[in-house]
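Pasting the structures in now, so scroll down.
Next come two complexes built around chain A: one with chain B, the other with chain C.
Presenting the complex of A and B:
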């Protein structure tokens, strides 16, 4: 059993300064994960050289891989830090911030763009109000199951990090919102705004910017069938554009 | 300038309050530590209760009411609970219309399952991630309002204090941007705190790490009473862990899961034996005490440790995946074993705070214009909360709080905009001074170590079973931590995205609330719901059928007590055997 957990962390003081690497050795305990190791560091913020340093900044909240906050690059793979179990990771363990989003400090990044894209595609059911109008439409259980799979997306950004067509300069809307469009377009009430959502993803940065690299499905921690969803949505946009052409 | 509401907290209660306010035509600013989708509501798993009565079991709103009141051991004021259960079906339907992916019956209707402390199926659910699905639905609706310009979001901001004017009326807040570390004041005609539970006071719990209770502690220090703090729910089934005690939903028992350990070499289903009427589905306080007794007092935990089995292995794996997939995934990811094949190892963990910020039945605190909704309030669950009632009370309290604030604003003689800037500058300066003092802390104590010791103290002495000697000792320990707090070294003097400095501020609020919780427990010499003292094993309605109200003073909490409104259901013995 190792005595220490050896970490190499890519750090950055703020968005304007250059990044640097710092190493840490944290006393080993069984059943630790990357978040609990980072928590140990802040109780004794000393680096591997024995020098006092600032505790590492990172985002986390639920610690059960439901909130998506602690997403980072661990040994080269994008994933959540809370469910990255130390006993299963080769050492030294490297931690890096997501590369496709602006670094705030250390491992904390600004992922606001993910939520902006959800806004762009109108990822909601347009209800008139929250007052009591009785039950919603009936939904077949079989339909519900695949829509539920997509609605478990925690907007963590793994699929964006893995996607070769998304970067700070591209306008690609990304895999996750496309899957949401499919889900809302198939909800009985959501379908009433189907054409509008399809129009929104048929322009610049829309579904045609997907290069079909299929990295997203591999990276998704919730195994959301992103590629199947995008393929299905692609067919629907084609049908929609033909209809639109006939109507014009 | 348009009149405005500030919502603090982007969980279920906060978002619902924001939507209801926006629907009434009033602009809203929401302040949240994290993007709304990362709020702690998403950790609620099993479901949300409403007497939809779609299972041919003659379920009724009255039955839901009685179960909730009895489950709470008669400590909740009854008229607000009546409002809660009456609104429940309509709320579920509103969520349904928003597109929440509730599990369905073969007819496409919302399916219901069984939960603890009840005999009828009353719990609507979306797999085992119901809180997530409800939160996401409100997040989507709020996004629509943001796109329409009616709601603004301040993500990555922490509430520091209420701004209270010379007349004692709340006129806004101070808050800190957790990246730039700047502190600002914001004007509003009404403010609602929807800041969730206080799990971090116990160190490790089922709560997210953002659930510090700091906002509740801050307004407690500004004069708002903290009510029923001693009532802390321990969830019977959580996965033991070093960094977090991960919840394994009560739904696992609702769907047929059984609790057992070995006795005389054979499986012993002690809940089924002790409580034949409800079996594994006794309310949480009772199940937690039973597991505690089996492990700690009888020494019968699995492998000699504080843990027993939660067993689903007799159920069909596909059934489990469709109805409990989310929690099976958590167990597999963090424990490496498949609950469909091997029984889960579980032990009780701090989970939910029945107590909280004191408000009237409209959710307004004694400071006019300052409201509280959701887990941070104290209203609906008495001495013990029934499973799947928390998503309901979170959504419902926001649902009524929004319109209540709008009504209050309409009756205001003067708007926050007419209040002197001096009031806002003074409060902002007070906060800036507090933080500048924190930046200068260069002693020898580590704040995270103090926090860890606070958690150990609370979980050991203010837990499932409480003794007065231990409670006294815990309070002395907390006061000792408050002394050590003054010698903290912050280790990071950076002025950008500094995590330590806000934590040090939160920590003081946690310590203050910890004293209110501990001394509230010490005072209450009876056993009721989650509060259990072997020295006083019975409920004592003659002396203790009353709400605890802790007031902050600089020499520790001062307590007052208030009669409970039991006008709808006379108190009776609480029996589940």
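Presenting the complex of A and C:
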């Protein structure tokens, strides 16, 4: 039984300062996860050298891998801290903030771009009106199944982190919002805005900027069929572009 | 919004298409033509002569090879620049392929500039025709044989792997199962074209 849990954490005091590494040795207890170890550091913020330090900042909420808030790079893999069990991780455990999003402090990043991209592609069903629109049409069971798969996306940012074509140089919209376009385009009510969504992902930084590295599906903790969704949307955007051209 | 941004979809699709038609088709034809050298110097010269007597040859070469190739190359190099490769962090098969696709793009680019200048553009300006003897003079030197082999391998890889990504980008191969089948087809094609290309090179070096 190890006495300590050895951690190496990449820290950063604020968005403008340079990052630095700090090591911690947390007394071992069985059945801990990365979040509970970070909570231990918060209780007793002393680094491996025995010096008092500022407690490590990180984000978390649900603690059951459905919100995506605690996503960070653990031993080089992008994943959620809540489902990263200490007993299953080789030590020293390295913790780094996501590299594709601006760091707020330590392990906390600003993933607002994900929300902005979801807004950009209108990832919702329009049901608001000044009067009762009545019940919507039923979703066929066959369709509901794969749409449910995609609805499990928690916008954690793992696919963005792993995608080589999403970076500071490119304007690529990223895998997660594309899957949502497919889902809402096949929803019977959402399909009313189908053309608009397709037009939106056919512009600059749209679906064509996907380079088919297919890291997204490997990195997705929810195993959402992202590559299938992108391929399907490739077909739909091509058909749509031809229709659009002949109707112009 | 710039022209590139406005027509991003169309430009990307043309980039993807030109890789297969006409460039990939031309590459296949070119490797098969080279393997005519297996039939001996005289036979090879005869076949090359036949090609050189095609009507509107220069026009065909410019419209169906030079322009699509320049378009595909210039945009492609920009797309190479746009990617931030991460094969050290994410060691997945397709990620390695993505990386290799960009590495082979650069190798093929350098090789094609050298190869087309020395064996076509420069020659055409000097008025010398390509023959077995001419090619033999180059590739019988071990250094140039290796340069040609590397250039050929890079081009063949880039084309074979490009078919896989083309099939996805054009919405042909959608699900994971059919994508795996395309992976197999592309691997077989890579092996077949490598065999044809290498046989042709060896015959030209003999």
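Following the convention adopted for this analysis, the second predicted complex is superposed on the first by the 240 of 248 C-alpha atoms of A that agree within 3 Å, B and C clash if a C-alpha of one lies under 4 Å from a C-alpha of the other, contacts with A are read in each partner's own complex, and residues count from 1 in each chain.
We take it that a contact is a pair of C-beta atoms (placed from the backbone, for glycine too) under 8 Å apart; a residue touches a chain by one contact, two chains touch by 3 or more.
These numbers come from a predicted model, not from an experiment.
Of the two partner chains placed around the shared chain by superposition, chain B is the only one that A:108 touches, whereas chain C remains out of contact.
Contacts of A:12 after superposition on the shared chain: neither chain B nor chain C is touched. Residue contacts after overlaying the shared chain place A:211 against chain C, while chain B stays out of touching range.
In the superposed model, A:139 makes contact with chain B only, not with chain C.
The partner of chain A that touches more of its residues, comparing chain B with chain C, is B.
Of the two partner chains, chain C is the only one touched by A:238; chain B is not.
Of the two partner chains placed around the shared chain by superposition, chain C is the only one that A:167 touches, whereas chain B remains out of contact.
Shared-chain residue A:55: touches chain B; no touch with chain C.
In the overlay built on the shared chain, the residue A:71 is in contact with neither chain B nor chain C.
Of the residues of chain A, not a single one touches chain B in one of the two structures and chain C in the other. Contacts from chain B toward chain A in the complex involve residues 16, 19-20, 23, 34-35, 37-40, 42-43, 89-91, 93-94, 96-99, 101-110, 126-127, 129, 132-133, 136, 140-141, 143-144, 146-147, 155, 179, 208-210, 241-244, 246-247, 322, 326, 329-330, 333-334, 336, 399, 446, 448-449, 452, 491-492, 494, 496-500.
The touching residues of chain A, counted against chain B in their complex, run 13-14, 29, 31-33, 35-36, 39, 42-45, 52, 54-55, 57, 59-69, 82-83, 85, 104-105, 108, 111-112, 115, 118-119, 122-127, 129-136, 138-141, 144-145, 147-148, 151-152, 154-155, 184, 187, 189-190. Residue ranges of chain C in contact with chain A, taken from their complex: 1, 4-6, 8-10, 12-13, 79, 81-86, 89-90, 92, 94-95, 97-99, 164-165, 168-176, 179. Residues of chain A touching chain C in their complex: 76, 162, 164-165, 167-170, 202-206, 208-215, 218-219, 225, 227-228, 230-238, 241.
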